[in-house]
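Two complexes come next, and they have one chain in common, chain A, joined by chain B in the first and chain C in the second.
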Partner chain A sequence: MAAPAIQLHALSHRYDTDPVLRDIDLTIEHGEIFGFLGHNGAGKTTAINILTTLIAPTSGSAQVCGHDVVRQRGEVTACIGYLPAEVRMYGHLTAAENLAFFATLSGVPHPRRAAAETLAYLECADLANLRVSTFSSGMRQRIGIAQAIVHRPQVLFLDEPTTGLDPFGVRQLRETILQLNADLGMTVFMNTHLLGEVSKVCTTIGVLNHGELIYKDSIEETTRRFPDEASLEDIYVRMGSDSA
Partner chain B sequence: MSDQTVTTRVTGARRARVLAIAKHEYRAAVRSRILLILVVLLILVTAASVYIASAGYAAKLAEYETYRAAAQAQGLDRIAPTPLAALSLLRGPLEYLEIIGAVIAISLGYLSVSRERINRTLPLIRTRPVTAGEQATGTFLGAMGVFATLVATTIAVGIVSIGLLGRDWVNPGELFQIALTAVAALLYLGAFYCLGAIATAKSRFAANGLVIALGIWLLVVLVLPQIGDTMDADNQLPGGLFQALALDHDGELAVLQHFTGYERIRTGIEEASLSKHFERFAFAMSDVKDRYRPYNLPWLLNETRNDIAWLLAYAVAMFVGLRRSFRTQPTIPPGGTP
Partner chain C sequence: MIGTIATHQLVALRRQRVFAALLASFVLVSALAGLLGWSSNHTISRVYDEAAKLMVATGQPPPPNPFLLKPALSLLSNMVVYVPLIGALFAVVLGHLSVVEDEASGLGRLLFSRHITRTQYAMGKVTSAAVALVIALGASMGVSALSLLVVNHALAVSDVARLGLFYALSWLYLMSFVLIGIIAVLVTHRRSLALLSAMGAWLVLTFVVPQFTSGLRPTQSLNPIIEPIGTSQRFFQITAHGQPFSVVEQYKATAAVILNTAPAEATGQLALRLLPVAALAAILLLITLKLVQRHDFSRSASNE
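Take a look at the complex of A and B:
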């Protein structure tokens, strides 16, 4: 049986003496779109930083595509794509040059072709030969997503992907995530604040409160379990007040 | 698939990543306005320096040719060889490489690290199958590509100016000596590149790293050599003390035998300076110092072996430091977001 896309076991992390994540156990299967919810400072970005090998956990273990994020960094980075909260990229390069560079680092055999194909897939081929320094934040976000998927990763990590996007951009991003999931079977792990988007995109949600995972279930089960709440936002607020 | 096939594939992938980073570094440097201004400045001062020196050289060469023609016309058997050395006109460019080149190298090292911080691209690189060592090696190779272009341009401007204005083209043997000087210049600039990158990577604020690196540059390139020069007995008289005493190199060494303690301190101060080692080697190879002119290449290499060893040791040590600082550089600043 194939290993889950993401598996955390008793994962904890602290900055100095400040605990940020506490004993998190979590399993995300391949093909899921997982929405990671939580207030500012709940530890969502720290979790992504650990899963993308940027920092090592203080204790516990994390596996991505069956590989340990500390001991098998090379294998993990070969199967993930990552879009940070604020994307800037190399301003002196064009969009295509940026993508080709990251594709080469990921070992893609024909980086230029992969860059062109990815831009076409995201319907922004017209940006290919423009320097990124001239882009608006929405355009940069699209190129950011392109760099995250240019090597067709199995698992895609998105950290607050809607930051700086206008409503049109948010909708476009939602469609892109669904398309990636449907076309390429990509597992998506997304940190976000926008609960409306989560209900439209995610198949599963997890709620983090002060470093503790207080809830994890499918969207369908969640709405069934909280029939009195009108929206996911109401459910989220109730969870927050219950745990407090 | 055999183990050897897998190993070859992994090595090939690693090489491709290192080369991609090297090309990326080169392209970023070429497109940097700050670096462009510094490089243009270096080439301009090089051209001006060689232009001025070549004009005087051409006059002296014409004077010597007149003397030789007159001596031949009088049927003299022994004609004095020319006291002129075309390569010595490269003194200016070599000194500019030593001073301005080091500033360019430090700036490039600073830009390499700060660019990733400003663009927030370090996490994007580190979430690929790229090790910190590969990243350090790639950026270093890219910078060496920039320096190779810089040194080749500077020396080419010098050689062409000597030929066109000084009316004396360097011969193949001299060209080989210049090529060795260029290699030494690459090691020298590479060490300063690493200094700029290490200081920036180790600093919480990138600009602090640049200031620290420039402080070290001031000490290594200007202060220490100046102290060494001031303490040098030969510099106590205009034209040189030992020349005034009509002493050759062996004679000079015999005199200095009586001042070993003093000379040890002076040499120690000079040897702490990477610039002094580069200068000694470069000046020996390019006939800048009169005392080296009568000797052939093997003798010169033997005479400057200590400087070659120091240059290599500095460059290797700084490169090791660069790899280490890239490994320990935090991808995510303490406290959270990149």
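Take a look at the complex of A and C:
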């Protein structure tokens, strides 16, 4: 049986003496679009930093595609794509050059071709030869997604991907996530505040509150479990007040 | 992987106006050094020619032209001053530009979610800066060689070799400042603070340390004087012993030996004087590698 896309076991992390994540157990299967919800400072970005091998957890374990994020860093980085919040690409380089660089770092055999194919897939081939410093937020975000998928990862991590986007950009991003999941079978792990987007895109949600995972279930099961609440936002607020 | 990062960084550097402007100004001062050398040669030679004519007319044998007694490379003696001043500033900015974008724009997070090690990253960045420095110093050497050709109408092979050695020494010296520029970004996390602190380090190494060692005479910072200055004041007697640690003075003294403008007795001390310059670069490289290993790139987005 194939290992889950993401598996956390008793995962904890602290910055100096401040605990940020506490004993998190979580399993995300291949093909899921997982929405990781939580207030500012809840520990969502720290979780992504651990899963993308940027930092090592204080205790517990985390596996991506069956590989340990600390002991098998190379295998993990080969199967993940990552788009941090508000990231900028190399402004003096064109979109194609940026993508080719990240493709090379990921060991893609033909980086330039992969860059061109990825831009075409995301319907932004016209941006290929333009310098990224001239791009709007929406265009930068599309190039950001392009760099995250240029090596066709199995798991895509998105940290607050809608930050700075206008409603059109948000809708475009949502369609892209669904397209990546449907066409390429990518598992998506998404940190977000926008509950409206979560209900439209995600198959499963997890709620993090002060470093503890207080809830995880599918969207359908969640709406069934909270029949009195009108929207996901109401459910989220109720979870927060219940756990406080 | 080191080559990929280095090549990528060189392409990015090539397109940055700051880098282009600094490169142009460095090449310009090289031309200026040559022009000043040519100008003093030309002026003194004209005065000499007039004086020689008068002496011949009065039946006296004219002394030889003083410029013919000086080594050919002495025309470039100003470069020994320009490298620690403008060259080192250029190197600090070069080091800063090499890593600041990764730090301030959060690109470090993207890079280290890929299959690269921190050592590969650090070595790639240092390699790109080292190559950029070779390009800048190569252009400067070309201008210097041209200046010498114009003035002397010929350039001996030994002079070309000495010129090459001088630029190799300058490269080694400037690499320390490239590494200071990189270290400042890794330590401070902030774009402006990083540049300011690197400039501060440049000021201390170039002006403050020499003042505490043998910079009691203002001309010392311009003209390399080999022996420590004798003084009756105990404080300055003690600090004068720190001269081996004053890297800028060691650079100037070594450069003077290479350019053949130093006193004959200084020639034997070449290796000894080169040691602090090489040691500083090696120590700073080790510090850079250590800092990159320990640096938290997950927090690399503190762009003010």
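Note that in this section the second predicted complex is superposed on the first by the 244 of 244 C-alpha atoms of A that agree within 3 Å, B and C clash if a C-alpha of one lies under 4 Å from a C-alpha of the other, contacts with A are read in each partner's own complex, and residues count from 1 in each chain.
The rule is short, and it goes like this: contacts are C-beta pairs under 8 Å (C-beta built on N, C-alpha and C of every residue); 3 or more make two chains touch, one makes a residue touch a chain.
Owing to the predicted nature of the structure, the values given are computational and were not obtained by experimental measurement.
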Q: Based on the superposed arrangement around chain A, label chain B with chain C as either clash or fit.
A: clash
Q) Touching A:His92, do we find chain B (first), chain C (second), both, or neither? A) both
Q: Would you sort A:Tyr236 into first (chain B), second (chain C), both or neither based on which partner it touches?
A: neither
(Q) Tell me the contact category for A:Phe101 with respect to chain B and chain C: first, second, both or neither. (A) both
Q: Could you name the one stretch of chain B listed in 62-70, 242-250, 296-304 or 314-322 that collides with chain C in the superposition?
A: 314-322
Q | Interface residues of chain A shared between complexes with chain B and chain C | A | 49, 52-55, 74, 77-78, 80, 82, 84, 86-93, 101-102, 104-107, 147
Q) Given the complex with chain C, which residues does chain A contribute to the contact? A) 49, 52-55, 74, 77-78, 80, 82, 84, 86-93, 97, 101-102, 104-107, 131, 147, 157
(Q) List the residues on chain A that touch chain B in their complex, please. (A) 15-16, 45-46, 49, 52-55, 74, 77-78, 80, 82, 84-93, 101-102, 104-107, 147
**Q.** Contact footprint of chain A on chain C as seen in their complex
**A.** 1, 4, 8, 11-12, 15-16, 101, 105-107, 109-116, 296-298, 301
Q: Spell out the part of chain B that touches chain A in their complex, as residue ranges.
A: 13, 16-17, 20-21, 24, 27-28, 31-32, 115, 118-121, 123-131, 331-332, 334-338
